[in-house]
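Heads up, the next two complexes both have chain A, just with different partners, chain B and then chain C.
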Partner chain A sequence: MMSSFLFRAMDARAGIFLAIMAAVIVLVPAGNLLMPEGSTFHVPNYAVTLMGKYLTYALLALAVDLVWGYCGILSLGHAAFFALGGYAMGMYLMRQIGTRGVYGDPILPDFMVFLNWGELPWYWYGFDMFWFAALMVLLVPGVLAFVFGWFAFRSRVTGVYLSIITQALTYALLLAFFRNDMGFGGNNGLTDFKDILGFDIQADTTRAGLFAASGLALVVCFLICRAITRSKLGKVLVAVRDAESRTRFLGYRVEHYKLFVWTLSAMMAGIAGALYVPQVGIINPGEFAPANSIEVVIWVAVGGRGTLVGAVLGAVLVNFAKTWFTAALPDIWLFALGGLFVVVTLFLPKGIVGTLSQGWTALRQRKVSEDFEAGSDQPPSQAPQSPASPANVSPKKSASTVPADADPQPAE
Partner chain B sequence: MARSSSLLYLDGVSVSFDGFKALNELSLTIAPGEMRAIIGPNGAGKTTMMDVITGKTRPDSGEVFFNGTVDLTGEDEASIAELGIGRKFQKPTVFESHTVWDNLELALKAPRGPFATLFHVISGGEKKRVEYLLDLIRLGSKRHELAANLSHGQKQWLEIGMLLAQDPKLLLVDEPAAGMTDAETAETAELLKDIANDHSVVVVEHDMVFVRSLGVKVTVLHEGSVLAEGSLDHVSADERVVEVYLGR
Partner chain C sequence: MSLMRSFLLLFSLAASLLAAPALAQSDPETLRPLINELANGKYSETEKQIGALVATGDPQVAPALEALSDGDLYVRKADGEVFIIKKAGKAYALIDPLTLETAGEAAKREMDKIKVNNKLRRVIRSALGSLTLMAPDPTVRMAAAEAVFKAKDPDSIEALDAAIAAEADDGVRKKMEEARAAAVLNSDMDEAAKLQAVSTLGTMGNRDALSLLIAVQSSSEGALRDAATSEITKIEKSIAAWDAAQNIWYGLSLGSVLLLAAIGLAITFGVMGVINMAHGEMVMIGAYVTFVVQEFIRSSAPGLFEYSLFIALPLAFLTSGLVGVAIERGVIRWLYGRPLETLLATWGISLVLQQAVRSIFGPTNREVGNPDWMSGAFEIGQMTITYNRMWIIVFAMLVFAGLMLVLKKTPFGLYTRAVTQNRRMAASMGIRTPWIDAFTFGLGSGIAGIAGVALSQIDNVSPNLGQGYIIDSFMVVVFGGVGNLWGTLVGAMTLGVVNKFLEPYAGAVLGKIFVLVFIILFIQKRPRGLFALKGRAVEA
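On to the complex of A and B.
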């Protein structure tokens, strides 16, 4: 049962993606650590961290694609789960500082000493242990998503209303984490980290390790998403996206399905945040900003929603463009991002990957039909369509590419 | 008919939306194995009645029982579907970005929980059942086609196939012939008669020719309650029916 479940995750597209990821995970750290500085193959330190950051963004985009692309839940608050995972990791990193802080308090982080707090708040207990923090990285976003989803999906809040309350969720958390009384460092957040698991967080080897960990997390989560979306559960999710009430009248409890992917997706976002924080060295309430969540949606739309690979590609491409723009033409970036979103929505509604795979399918079908017309005995079999191809399927496309059996009516 | 021997039993069901009485003391009984046609002018409460039976709308008052014993007013859509009531919508509603095959596979009677479907592997028996249904609804050659690419009539048929895949005891079919050509309409009537051999069926329809070709007992709804009941000839001879419905 389990093996067939995992086997389902694999096919040509997944294979290509995994091969590229394997190469990236090996070559980037190797290029950084093994190649001498000045060599053409040397990967500079800043690039390792930057690309590591892209990989965590890609994982966040993957999480959004799972709920949006497959189940039709447009979340405009996923950065909240990302930031919560980041805070859980940040709390662990703060507790690792120990007496090396500015005030040298063995227990209290600097900001608590500064605020004259006498003792550690109860919710900081346990974060000196990595396993506990790692558990919280999954549980805090997971439980929040579960509770939020429980109420939202049971009350059948859908569409734009759900999107708005996810925005409200992340905005509420933003305001809450800004308060010093919350005990998460207020405006400044958590920073000045020293060690992770006993390794110096600034060291090249640690950075390479974090990069590889981000890559591995992305691969594992990709395989999980892939196995889910290709299972019958994945088909039910797409069914919910396309015709929710039909799914309900078939006897599926739609809210359970939504709750399942929503919670899973939030946990993946939490993992992404936890890997992001040690690489950028800070987590502050700015990560909860509603605009961040909207940006994630743009990454997914650019790459192609409902494709998984597209989410990863979109996140990397848009962030690469952002890095380049904010250095070269900082004033233009937001206009470029907005323009990109408009262009993609108008001309590439299926995103880059969606458009490419659609074009490829159409090409293959045309070739098969031509062979058929040229006298081959084989009737043109339909190229296998992804069950997850976006909802706005154009009926014209296959009508024009499948000229054989064009007009069988049910009535003979 | 007594409640205990009925398949579907509605007694004194009333539903109002903002003061408008969509159903007014509606009482209706369907016997096991029966096929019934329901007609009535727009706003007579036909679709609301289906909503009440399938759990989409809760009645303000009245009783709804399935199989004589199961109270449907306390159940939601999913559990009513599990009990064995399938519903076809007025507008054909299929999963457009799934293939015809996947549409049927999703509808097949099987455990409906997320974890059951996550690890589900299609069995030989299920494949045979899908093949059988594809044959029945004449869509065998379209099995790998996306449902979005089907014609209107084919979508109606696919939806009927999905209903059968659930293996329900009772099928509620809302305007199956809407938007069909005459040939398709006749074919659909034949299909429904086939289905009625081993299922109970309630058909809501406007098309009189279609209802006549079914040749079954007819219930006329008007303003949320039953106006007349009997054979089509019997009800169309009723003056009140002629007045409200046939408009002559």
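On to the complex of A and C.
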């Protein structure tokens, strides 16, 4: 059962992806820890942290791709789940500081001492234990997404309306976390972490470990997403994306399917946030900003929505470009990012991976048909049997029917 | 001291009573010796001389006394004449203390300052109050009554009585009676008089009266205390009503700001179904047009500054409108029917526009001035109404009405509605739908631009101006119901008022969070907004 579940998750594209990920997970920490400095294979410390950050972003993009690419739910608030997971981890890290803080209070974090809080608020209890914090990383975003989704999907809020209220959700959380009274450090957020699970958070080995953990989390989540999208459940999700009413009339409880992937996606985003925080060393309300959530969507769009691998690729590429641009040409970055939004939506609606695989399929098709025309040694019955043959019509059809396809979407 | 002062005041009162109607304007020359006397002697003598001046009961002496209290009254050493001086460079400009005409200049060393101390200042203040109560100018009398009300000096009761008897203006008399009531409560008069005073204050019904009554309540007992308590509850009720009115006003003001920001969006999103995330940047462009217009006026035609906003309005409309048309032709028309992609593309455009403005004008806030007719405030009852807020409400309503007219009464509006309702049929009737799309989008963007002109008056003009409004605007349109301008109006006003009513209880930030959560829940209940379109249009 389990092996067949995993087997379904595999194909050539996923195989390449997993191979690359395995190489990255092994080679980057090894290059950092084992290679001597000055060697061409040495990976500098900042690069490990930076790439670790990209991996957590990639996980966030994967979560967005699951709901947007496969279920048609465009979330403009996924950064909220990411930040909530980050805050849960940040609270654990704050409690680990103990007496090493500026005020040396064994229980209260520094900002609470500073604000003259007498005792720890109830919602901070338990965060001194890692297992509890790890549970909360999953539960807090999960429960919020469940409640939000329960209301939204049951009353059939879809399309643009849903996007706007997810944006309102993250905006409301942004405002809330800015308040000092909330007990999450207000404007400054949580920072100045010392160690995680007893390891010094600044040490090279810890950073390499966090990098590997991020990579593993990405691989595991990728496999889960892959398995889901290739199962029967995944087929229903795509049906919901393409024609929600029709799927409902066929007897599927659309809102249950949506609620399931929505909650799962939020939990993945929470994990990404939890891995992000110890690597960058700070979490503050700025992470809730609606602009962040929209940026995640463009990562997915660049890589290719509905491809999973594309989301990862898009997140890494766009963030690499961001790092490079903001250092080299800071004024140009917003032009580049803005232009990317426009260009991708206009000219690359399928994203990089989608376009490439479409081109690949078309190429193979042509080859098959050329062979078929040239050589009469192929039995005529072969062509309809070839696995690519259903796609025979698809490239042209999808190109010509984009406007017609899109028609049912807005009113949904 | 206080004995003497009461004596002086009594004396002045007697004098004023005797001469009340006639003394309004006596000959300045009879007063001059008295004023010149001020220069002689020590503080105690000056005090007597002030008393003598007050005793004339002539308002003409008031400027001299004011100048004395401010330290601007000087004596000329040569002839002992007293003048009010104004510092003019190294010399003093002399002003005649009675006629208030300029009387030449004098070098500093020719003049001696008439010294004054705090005790004298107090004497002058209370004397001035009762003195100017009889002034011919009602605004001066009003100010005097207010001064006495604040001083609560029991010694001025008699002066007030006389003034009330002679007063012709109802408003001023009322103020004087209130001042008298305040003074009576502060005196040791009998309970009947105080009860009377309490009820006078009760009819006054504002916060000043409330604080006085609370003082009475805590310091008295018996009937007086009961009376004060009942008046306090009455006043608190009336204050609560005024507070509510003020909150509604603030709410309407916020609502009209939201309306201005959202109304352009109501066209592009509501009527055309295009999610324009760059809408906030259209508002920003309008604000920057105002800035550019004002800069131009400052440098080349300063006289036109008062009209700068009227000049900026059409320019902002055109600029934002053209940018809007360009966006529609360049990007959005390829994305009709794909709302989520439109959202992403327009978000990208908004980033580009923001960065473009940041590169041209710099990242900091730009100064946009208020013309005179936009600054200042006036009062209705116990509400303060600032002119800029008032004009913005008026302006929002005008824009709304104008837009309704355009959409309902012009051929262009007819075409727009036709295309909105059924694109294909409109096209078969000969309407050039692509043009209508472009112009409708331009109209929505242009409206955002003129909203930017208005918002530049109350908000910081910075590249981030638009971002602050985009979420609120979407909330308004979605709450009001897409495709319905009336819904946008009601939505904006409701959200504005609700926000302002929550603020006193929850604070500004928490209030806003509540409103957001409320909208999220509301959309669950009515996914198509307050005024949803019904019938076939829903599926369009």
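Keep this in mind: the second predicted complex is superposed on the first by the 375 of 412 C-alpha atoms of A that agree within 3 Å, B and C clash if a C-alpha of one lies under 4 Å from a C-alpha of the other, contacts with A are read in each partner's own complex, and residues count from 1 in each chain.
The rule is short, and it goes like this: contacts are C-beta pairs under 8 Å (C-beta built on N, C-alpha and C of every residue); 3 or more make two chains touch, one makes a residue touch a chain.
Note that this is a predicted model, so its numbers are computed, not measured.
In the superposition on chain A, A:V220 makes contact with neither chain B nor chain C. By the touch criterion stated above, A:F260 is placed in contact with chain B alone, chain C being left untouched. In the superposition on chain A, A:V236 makes contact with chain B only, not with chain C.
In the superposed model, A:I165 lies in contact with chain C only, and not with chain B. Contacts of A:L250 after superposition: chain B is touched, whereas chain C is not reached. With both structures placed on the common chain, the touch criterion links A:G338 to chain C but leaves chain B unconnected. Within the superposed three-chain model, A:A23 lies out of touch with both chain B and chain C [touch as defined at top].
Residues 409-411 of chain A lie at the contact with chain B in one complex and at the contact with chain C in the other.
Contact residues on chain A toward chain B in their complex (touch as defined above): 1-2, 4-5, 228, 231-233, 235-236, 238-239, 242-243, 245-254, 256-257, 260, 381-382, 384-385, 387-391, 393, 395, 398-399, 405, 408-412. The residues of chain C lying in touch with chain A in their complex are 273, 275, 277, 331, 334-345, 347-356, 358-359, 467, 471, 474-475, 478, 509-510, 512-513, 516-517, 519-521, 523-525, 527, 538-540. Contacts from chain A toward chain C in the complex involve residues 74, 148, 151-152, 154-157, 159-161, 163-165, 167-169, 171-172, 175-176, 178-179, 290-291, 294, 297-298, 301, 331, 334-335, 337-342, 344-346, 349, 403, 406-407, 409-411. The touching residues of chain B, when paired with chain A in their complex, are 54, 56, 77-79, 81-82, 86-87, 89, 93-99, 102, 105-107, 112-114, 117-122, 137-139, 141-142, 144-146, 148-149, 151, 153-154, 157, 162, 166, 181, 183-184, 186-187.
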